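Chain lettering (A, B, C, D, E and F) follows the sequence in which the chains are written, and residue indices restart at 1 in each chain.
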Amino acid sequence: MLLTEKIVRRALEEDLGRGDITSKALIPDCTNSHGEFICNSEGIIAGIEVLKTVFRMLDKQVEVDSFIDDGNAGYAGMCIARVNGNTRSILAGERVALNFLQRMSGIATLTNQVVKKVAPYGCTVTDTRKTTPGLRVLEKYAVTMGGGKNHRFGLDDAVLIKDNHIKAAGGIGSAVFRARKKIGHLVKIEVEAETLEQVKEALDNGANVIMLDNMFAAEMKQAVEMIGNKAVIEASGGITPDTAVEAASAGVSVISLGWITHSMQPVDIKLELD
Amino acid sequence: MLLTEKIVRRALEEDLGRGDITSKALIPDCTNSHGEFICNSEGIIAGIEVLKTVFRMLDKQVEVDSFIDDGNAGYAGMCIARVNGNTRSILAGERVALNFLQRMSGIATLTNQVVKKVAPYGCTVTDTRKTTPGLRVLEKYAVTMGGGKNHRFGLDDAVLIKDNHIKAAGGIGSAVFRARKKIGHLVKIEVEAETLEQVKEALDNGANVIMLDNMFAAEMKQAVEMIGNKAVIEASGGITPDTAVEAASAGVSVISLGWITHSMQPVDIKLELD
Amino acid sequence: MLLTEKIVRRALEEDLGRGDITSKALIPDCTNSHGEFICNSEGIIAGIEVLKTVFRMLDKQVEVDSFIDDGNAGYAGMCIARVNGNTRSILAGERVALNFLQRMSGIATLTNQVVKKVAPYGCTVTDTRKTTPGLRVLEKYAVTMGGGKNHRFGLDDAVLIKDNHIKAAGGIGSAVFRARKKIGHLVKIEVEAETLEQVKEALDNGANVIMLDNMFAAEMKQAVEMIGNKAVIEASGGITPDTAVEAASAGVSVISLGWITHSMQPVDIKLELD
Amino acid sequence: MLLTEKIVRRALEEDLGRGDITSKALIPDCTNSHGEFICNSEGIIAGIEVLKTVFRMLDKQVEVDSFIDDGNAGYAGMCIARVNGNTRSILAGERVALNFLQRMSGIATLTNQVVKKVAPYGCTVTDTRKTTPGLRVLEKYAVTMGGGKNHRFGLDDAVLIKDNHIKAAGGIGSAVFRARKKIGHLVKIEVEAETLEQVKEALDNGANVIMLDNMFAAEMKQAVEMIGNKAVIEASGGITPDTAVEAASAGVSVISLGWITHSMQPVDIKLELD
Amino acid sequence: MLLTEKIVRRALEEDLGRGDITSKALIPDCTNSHGEFICNSEGIIAGIEVLKTVFRMLDKQVEVDSFIDDGNAGYAGMCIARVNGNTRSILAGERVALNFLQRMSGIATLTNQVVKKVAPYGCTVTDTRKTTPGLRVLEKYAVTMGGGKNHRFGLDDAVLIKDNHIKAAGGIGSAVFRARKKIGHLVKIEVEAETLEQVKEALDNGANVIMLDNMFAAEMKQAVEMIGNKAVIEASGGITPDTAVEAASAGVSVISLGWITHSMQPVDIKLELD
Amino acid sequence: MLLTEKIVRRALEEDLGRGDITSKALIPDCTNSHGEFICNSEGIIAGIEVLKTVFRMLDKQVEVDSFIDDGNAGYAGMCIARVNGNTRSILAGERVALNFLQRMSGIATLTNQVVKKVAPYGCTVTDTRKTTPGLRVLEKYAVTMGGGKNHRFGLDDAVLIKDNHIKAAGGIGSAVFRARKKIGHLVKIEVEAETLEQVKEALDNGANVIMLDNMFAAEMKQAVEMIGNKAVIEASGGITPDTAVEAASAGVSVISLGWITHSMQPVDIKLELD
C-alpha cells in the first residue's frame, strides 16, 4: 500500500499542480455531489483500490463504494463504483482516478484475452519488464487480475542470464556456475537460449528456467522435448496476443509478452456526476 | 530538466530495486561495452535527452552520442544513439531507457500521423490530460515532437468550464463571469459546449476558447460559422486518429484527442551490444 | 492541499529538528491546554487553513476552531482561532503557525491597501514572481485574500516576452510569431514594452497583454490610448504602494508589484495559552 | 551544503514548474550569454554561495564568478557576480537567484544596522525563530553575515523556559531543576523572566541565560545589576531597530529581535544580460 | 514524531518492497489475528511508540495496547504489548517492529547497566555520535530510557574542539576565543584534552566542558583536581562497560561511550500470534 | 548505487544537521588535509565504496584512494584508505564514514568467522531479515563480503511459509499449493518446519527449500536424511556463531542467523589526519 500511495500522490501532484483553478472559481466549497464510475465498454476491471486511494488522499471525507472486485468483468453500462462527497474533491480526483483505472483495466482485459487463448494448452501468461516507468507495481498487479502471473519485478529478484552475460562469463556453463556461487538459495536462475545447443547447455548446467528466445514453433517443440520437466520452459521475444497460441501449442509452460503492458488499450470508463 | 531527472530516478529505482544481481554475479566490474540503439521500425523519435539522463544518473562515465534529434523520423535499421562505457551500467539502464524511448517515440509517431491528416485543413492537434500518471511532462513533450501542441498541463493552468461547473454556477454566463472575476489576466477561459445553444452562450459571454464536445460534423460546421474568429474553436470527445479528419474538415482550429497518449503503440527500438 | 501539506511539513521539521527538548523535559505528556490566537493589530487575515494544517500534522487530536474566514479583517484584540489539546503539541506548533499566519496576513493586508487605492480607477492589483522561495503558492493565495489577483505562478504558465527574448528572436514581431507557433491555444502571450515603439509593435503583432515596464505616467497614458482595448494593459517595474495610484490613474487595467510579497510587514498575532 | 541544495532545488521546482515555456519557444538552445548581478542600492551582501548553487543545479556548465564575499558591503552600481553560459539556463535561474540574494542581503543589511547601533554598548544582536518557514538556515546565516549571532535554530538545541513551562513545572526553580535533570551537559538553559522576582528566581536556580522579556529600560537596568556576570543577560520582546539602543544601553549583553528577519526589506539587485 | 515516522516509513518500504507475496497468497484479506509481544529475556524496554507507529502506518485499523512504558524493565515471559487486527497487516509489520524494539531495548538495557555501575560515583553516562546511520534520534532516545543522557546530536548543536581544530587555530586559547566569537550565547564549548597541559589551557580559556581523552585513571584524577567545578569534566575515548567504573571513580562528572550504541546486543523479544 | 546514495545522504543530513559549527568557526575554508583510515584491529573490510560515497556527496573535490578491496582482511595498523582535500569536508564526513565502515566491516568479520567454522561441512551461511532498519542493503552486502550469502531481501522476493500461514491455509499442503498457484515461475517456495512430520509434508508437496526451525541436532539429522537432495535444507532459529557448527554437522546445506547482523561488534577503524 505504501508504494501505491506514493504513485497516487505523484499523479495527483502532477495533475493538480498549484490547484484546480476552475473548481475554486466556480464550485462553492460546501457543495457535495454523487458520482458513478460507469463502464462504457466491457473489460476486466483492475484498480478499485487505487481509485479509493486517489480520493482518500485528496479528501478523507469522500466516500467510495465499489460494486465489483478487481479481476471481474465489467459490462457496458455497469456502475463499478459510486463516489460521494465534496464536489471540488471529486472533480479534482476524477481524471487521475480514471487514468489509473482505465489503464489497469486495459492491461487486465488484454491479459485475460491471452490467458484464455493459451489456457487449453496448460500454459501460463506472464508480463515482462516492458512496463510504464513508475507504474510497474500497478501494471504487474493488473496482469494478475487478468489471470496472468508476474515475471521478475526488477533486476534484483531473479537471475536472468542473457546473451551478454554469457559472453562475459565465457559460456553458459560458467555463467550458471558463477551465478549459483554468488546468489542465495532462494533465487532462481533462468537462461535465455536462442538455439537448441544453448538449450542443451542450459539444461546440462541446471538452469531452473530456460527461456526460448524468438524461436520458431518447430524449434520450440524440439526444445520442449529435450527439456521435459527438468526445467521450466518459457517462450519469449516478439510474442503478440495473435502469436501466443502458436507458442503455447509448442508445449512451453510459460509465455511472457511485453505487449500486454505496453500496447494495451484502456477500458473506456467514465465518471458521471448527478 | 529537474522534473525529468525525478522521473528517470524513480524509474531506475523501480527497475534496479536492490541491484542487478545477474550483472553483479557475471560481469566483471571493469568490463566496458559499446552499444547501439537501433530502430526496428520507422517512427518519429522522441526521448533522446531522457535516454542520456538515464545513463548519466547511473554512471557519469557512460558516454551517449545521438545521431538524430527528437522530432525527426527514424527508419528501420537506423542507429539513433551509441552508448559506450561500463557494461554493468549499460545493462542496468537498458530496459529503462528503452521503456521511455519506445513510449515517447510511439506518441510522437502517432501524433505525427494525425497532424499530417488534419494539416490540410489548417487544424492543430493537441493532447489532453489522459496521459500516463507520472509521465505527463514527457508525454506532452513527445506530442510536440510529433508536431502537435499541448492542451492544459494540469488543472492549474487554464480555466476549462464543463458541465458540472456550469450547473454549479447556474449557467454559462454566470460561470464565465465568476471565473473572470477570480482569475488573473494571463489565464484563458475555455467553455465546453454540447449544443449550439451553449456555443452561443459561451460566445456571448466572451469565452476565449469554445470546445465542441462530441458533436456531429454537421453541428460542428454550424458552430464554426457561428463563432467565426471570435473565439478559438476546439473539437474534442471521442476523437480517434480515424475520425480526426472529419472534425478538421468541419473547420475547427484545434482537435484534442486522448488517443495519441493512451492508445499509442511503442516504436520498436532495441539496444545491441557489440 | 497537497502542496500546503508539504510546505507545512518542512516548516515543522525545520523548527522541531530532533524534538522540542524543553517541553519534553517540563510538560507532562498528559497535559492539555486551551489557547487563543489573538490579533495584536488590525489586518486582513490569511492562513487559517495553514494554521489548521500545522496542528493536524503534529497531532490529530488537537482541535482548532476559527472565528474568521481568510480575507476578512481582524481587529486588535480579536480572537481569530482557538486551539485545544495536548500542551506539548500546541507549543510545538505555535511558532510555525504564527510564522505562516503573520506573513500571509501581512501580504493580504498590504495587498488590500493597494487594492483600495487603485480600485477607483478600475485597476486590478497582481503579484509577481518576487515571492519567498518555497512559499509562492501560499503567498499568491494571500494576495487573492487581500483582493488582488495572481500574475504567472511560474515560468510555465504563460509566455512573457522580455528584452532578452526579443533580442534573441530578432524583434518583437518574430518573437510573438515564434511563441504563438510553439505554444498551445490556452496560453496567453504578454510582451514587455519599454517604449511606445515597442508598445506599437507588440500591439501590431497581436500580444494578448502588454506590460508597460518602468514607464512614466505621461508615457503610460499615451500607451493606454494607443492600445485601447485591443490588449490587456499592465504596468510594472518599481511600483510601490505609494506610486501605485499614479500608474492606475494612467488608465492601465493591471498593476503588478513585487512589493506586496517581498516588503510586507507581518500582522502581529500571538498565541495565548490559558 | 546539503540543506542549501534542498532549499534551492525546491525553489527551482516551484518557479520552473513544467518548464520555461517562453525561453524554450524563443531562445535557441545553443545561445550563450554573459550576465552581471548588479546592486541597485547599497547593502551588505549575503547569498553568493546560494547564487552559485542555483546555477550549478540548473546547468553545471554555467560559470559564476563573484567579486565580493558574503558579509561585505555592496554599493549602487557594483557588479557583485558575473554569470556566463547557456542563455536558457541563465534566464531560468535569474528570478530564483535574485529572490534569495535580495532577501538574504536584506537581512544582513538590516542586521548590520542594528549591530552598529548597539556595538558601542558591547551588546550582541541575535535573531529569533521568527524566520520564514523553510528558509531558517539561510536567514540565520544572513544574520551572521550582518554581524549578528544566532539564537536557537529550533526547539531542539537549547532549553528555553517560558511562561507556560514555568506554570506546568510549578515555578522557575522546579522547572530549571527538572530541565537540568533531563538534558545533557552540553545544553544551556535559558529562562524567560518578566519581572525582577522572576529574574532573581532564575538566577538563584542557576539559569545559564536570563531573558528579560518586554521589560522597560529602568527595570532592565535593575535586572542587569542584580545578575552581574552570573548569567548571560538577553533582552527580547517587541524590540525594533529603533528601540534596540534603549535595551543595549541598559547593559544587557544580547538583544534578540525577530524584526531583522520578518520585516527586512530586500536589497535591490538585478541581473543584466549583455 | 515527524522524524520517527520517516524512519519507520523507510524501514517498512525496505522490508515490504513490492509487497508481502506470501501473505497475499495465503492469508485471506479478511482474516484478523491477535498477537502478543513477549520478552524472551529481561531488559529495559524502549521503543513502544515506534512499535505503535509501525502498525499505524501500515494499517490504521490495527490496535496496539502496551503494558509497559519505555524505560521500565521487562522480564522473561512478560507480554509488553498486544496487537489486534488484520492478519496480513500484523505479519507485514512484525519483523520491522521487532527490529526496532529489540535494538532500542538493547541500547536501553546496556546503558542502564553502565548507569548503575557509575551511579555511586555521581557520574552521568552519555552516548556519542557513534550511532547507527539513520537511527540516531531513536538510539539517543533509547539511551535516555536506560538512564543515560545525550551528548551532541550532531555537528551542529555544540562546539567540540578537537586536536585538528586546535592545530588549525594555533592553540587551545585561540581556538576557544575564535569559537566564542562566532557562536551564539546558547552554545557550549567543549575542549578535548589529551594532557594535563591541555586541560590547564582549556580551563584558563574558559571552556565550558573539558573532555579527558583516553587518559589513565591517575592522570584523570589530577585533571579532576585541577578543574574542580570550573568546568564540566567528561571522560571519553575507548571506555567500555567494563572500564567505566575506573573513569567514574576518578571523579569525572560525565563519561561518554560509543559502546552502548555500537556494540549492544538486542533484547530478545518475539511476536506470538494466537 | 542509487540506494547507497540515499542512505549516505540521510546519514550526512542526520549528523550535519544545520552544519558543523565547530569547523566553520575554527578551520579556514581554504585549508586542506590528508588523512588515513587506519585499522586498529584486524577484520574483514567492507564499505570502501560507501566511504567514497560519503566524501563525494559532501565535496566532489575530496579524493579518496583505497588500498584494499572489500572482502579482504585488514590488519592492525594497516592504512585502508587515504583521503585528501578540504579539511572542513573531511571532518564533516569523518564520523559518518567511520560509522558505516566499522559496522559493515564488523558484519563481514563476524560472518567470515562463522563461514570458516561451517565450511568444512560444505555448509553455506546466510543472513536473515533481522537487520538494522534502513541499512539492509548495506548489511546484506557486508555479509557477502564475509563469504556469506543472502536470504530474502524482503517480504517480496521469495515465499516463506511459516506457522501462521500454514494455519490460515489449513495445512502445509494447501499452503504450498495456493502459493504456487499465485506466484510466478521465478519465485521459490520455502516452508518452515518444526517437526519431522512437517518436514515430510513440505517435502511431499514440493517445497523448494525446507527450513528446520529450532530443531535439535539429532532431529535435524533425521530431517536431512529424509529430504536428501529433493529440497534445499536450511537450519534456522536461535543459531549463534557458537552453535553454528552443530547445525552444519547435521548436514544442512544452509544456516541462517540474525546474529551476524544484529549482534556484531564494529571493527575498530580510525581516521588520522596529518
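In this text, contacts are C-beta pairs under 8 Å (C-beta built on N, C-alpha and C of every residue); 3 or more make two chains touch, one makes a residue touch a chain.
Note that the coordinates shown come from a computational prediction; the quantities given were computed from them, not determined experimentally.
Student: Please give the intersection of the contact partners of subunit C with those of subunit F.
Tutor: In this structure, the chains that contact subunit F and also subunit C are A, B, D, E.
Student: Specify, for the interface formed by the sequence copies subunit D and subunit E, whether it is same or different in terms of residue numbers shared by both sides, with half as the dividing line.
Tutor: Both copies touch with mostly the same residues.
Student: On a C-alpha centroid basis, what's the spacing between subunit A and subunit D, in Å?
Tutor: Centres of subunit A and subunit D (C-alpha means) sit 52 Å apart.
Student: Report the inter-centroid distance (CA atoms only) between subunit E and subunit F in whole Å.
Tutor: Measuring from centre to centre gives 22 Å for this pair.
Student: For subunit B versus subunit F, what separation do you get between their C-alpha means, in angstrom?
Tutor: A distance of 45 Å separates the two centres.
Student: Once you find the CA centre of subunit A and the CA centre of subunit F, what distance in Å lies between them?
Tutor: That pair's centroid distance is 32 Å.
Student: Where in subunit F do residues touch at least two different other chains?
Tutor: Expected reply: 16-19, 137, 153, 156-158, 182-183, 187.
Student: Can you check the complex and tell me which residues of subunit B touch subunit F?
Tutor: Result: residues 9, 12-13, 16, 18-19, 57-59 of subunit B touch subunit F.
Student: Can you list the residues on subunit D that touch subunit C in the complex?
Tutor: Touch list, subunit D to subunit C: 7-8, 10-11, 14-28, 31, 33, 87, 91-92, 95-96, 98-100, 102-103, 129-137, 153-165, 168-169, 175, 178-179, 181-183, 187, 262-263, 265-266, 273.
Student: Show me the residue ranges of subunit C that touch subunit A in the complex, using the header's touch definition.
Tutor: My answer: residues 1-3, 137, 140, 153.
Student: What residues of subunit A sit close enough to touch subunit F in their complex?
Tutor: Going by the criterion above, the answer is residues 124, 126, 144, 149-153, 156-158, 182-188, 190, 208-209, 232, 234, 253-254.
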